[in-house]
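Below is a structure I'd like to ask you about.
Per-chain numbering from 1; labels A, B, C and D assigned in written order.
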Amino acid sequence: MPESPGTMAEWQVSQWFNSERPLRVGDLRGRVVLIHAFQMLCPACVAHGLPQTQRVRDAFAGDDLAVVGLHTVFEHHAAMSPQALAAFIHEYRLSFPIGVDEPAADGPVPLTMEKLGLRGTPSTVLLDRHGRIRLHHFGRLDDLHLGFALGQLLTGSW
Amino acid sequence: MPESPGTMAEWQVSQWFNSERPLRVGDLRGRVVLIHAFQMLCPACVAHGLPQTQRVRDAFAGDDLAVVGLHTVFEHHAAMSPQALAAFIHEYRLSFPIGVDEPAADGPVPLTMEKLGLRGTPSTVLLDRHGRIRLHHFGRLDDLHLGFALGQLLTGSW
Amino acid sequence: MPESPGTMAEWQVSQWFNSERPLRVGDLRGRVVLIHAFQMLCPACVAHGLPQTQRVRDAFAGDDLAVVGLHTVFEHHAAMSPQALAAFIHEYRLSFPIGVDEPAADGPVPLTMEKLGLRGTPSTVLLDRHGRIRLHHFGRLDDLHLGFALGQLLTGSW
Amino acid sequence: MPESPGTMAEWQVSQWFNSERPLRVGDLRGRVVLIHAFQMLCPACVAHGLPQTQRVRDAFAGDDLAVVGLHTVFEHHAAMSPQALAAFIHEYRLSFPIGVDEPAADGPVPLTMEKLGLRGTPSTVLLDRHGRIRLHHFGRLDDLHLGFALGQLLTGSW
């Protein structure tokens, strides 16, 4: 598994869905975290990444694993507003917390996407219990490899 | 194959994509027409109906068969504006003409959807060469049955 | 649709499954016939061709359409005996008539396969109501095209 | 993950494919072992279990993980002889070692299947580095859960 050094800094989220209060990275310390960065009009996210993320949430989320979506809009901004995202989340029955990545003042790429150095959507980021980034994947990630990485991280020793 | 009586009246379309000029039903007389009614945030349309429609277009569209999409928005209107649809069409690489069904002045269901009596999305409507409605299907329609219906209509005798 | 000239001659079958009596080509005149030539250890037949043939049988077979399987063994003969085929048909729940193509006295290719000029398995052959070969396809044939061809043939005019 | 107590005893295999010499359980100590029990005419094995096992082999097999197939024939014995299995392995391009579970002298269920208490095919058994059975699953096991279990076992701490 490719590793990325560094610890996850605070994400910058302008609005949350499926969460009663704002989630902070620090609140998730001690848990493994799966972050799925997507755009609602990205075909590979809709066909593959989001259903996979929902499967992970349904199968494994709990005290040891948090699953978080991040709407990292870097194109077609007007079409992927938070209002549109609300309709999308409803229609696709997504049940995990989803944050809207804060738009930048001076460019198309939102703040957390920029900070994480994501190359596009879908992207999958895994944090270990200490908040360290342990996997950083752009594009399709198959279930076998994602399950493997989660199994490794959740044993606590990796 | 279930049949619906009647001839296709003019659709009411406020805007066209993938077409240099407005398409009129009358212009398509003499050709078989596949109409796919969808909403861009309808999961079954995105996963099944639209890829199928694109496959039909790629395999069979020509002098004898016209393939037309109809964006029949009856919910989440703000999220499925023509501007959002433009981004969607671009991202999903849809190449067939798509018309925006004209919103009603006094209700959520757009005018052509109302006139055709569509029950929801995805819906598939097939017209014979005389403009008569020969198939009217709500929900998933498998490739085998759709291919069969097209084969029947395109022989000209059915 | 590519056409092959000629009329289907009698197949040479040493044993039938799912049929109370031997089927003869002549008995099927007046009906459209789908012939699926397969081998029980051919991966593309098992994954694609046979389930498709069963779908056609379930959807369309009747007075107008006959669906027939042909076990055209041209390799691994000992592993694909009629006895093994019986177990295979049982496990895969195939319900259409299946004939064992008669082995040749002096080579690996069985008699009907040789006569039809099949290039391998899976192969799909379609006969019109007059017993003429109208489609002759080696390899995967997608549902849309197969449905289309069946629709054309079953209208009677093609 | 459901656990089964006990240590894997020696399997009883009458013949090996894809292995230059007989494999013994004891030789695999120190490695995690995935055992896939199948029958070549079992549809769920062919459609799901065997391709999954090959994917695991291609993705993860090495010094830390061994992947082993076990042909546990308990029905249609004549159709699933070692000779037929050889043709099957060739056609399906299976590259991991596959052992033929030794037939019983007095019943349909072969010896290793009986000893392991397998309920049918496909069955998946996972051994940890000490040869202890840690997963014992009958039926389809999805990639996410299998990957998760492998990830846990291969960290060495589970």
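Here is the rule we use: a residue touches a chain if its C-beta (ideal position, glycine included) is under 8 Å from a C-beta of that chain, and two chains touch if they have at least 3 such contacts.
This is a predicted model, so every value here is computed, not measured.
The most distant chain from subunit B, with centres taken as the mean of CA atoms, is D. Subunit A and subunit C have centres, each the mean of its CA atoms, that are 50 Å apart.
Once the centre of each chain is set as its mean CA position, subunit A and subunit D turn out to be 36 Å apart.
In subunit B, there is no position where the chain touches two or more neighbouring chains simultaneously. Chain-to-chain contact here is organised cyclically: the chains close a single ring, every chain touching exactly two others. Applying the touch definition to all chain combinations yields A-B, A-D, B-C, C-D. Every residue of subunit D that touches subunit C in the complex is listed here, in rising order: 41-43, 46-47, 75-76, 78-81, 83-84, 86-88, 90-92.
Across the complex, subunit D meets subunit A through its residues 52, 55-56, 59-60, 142-158.
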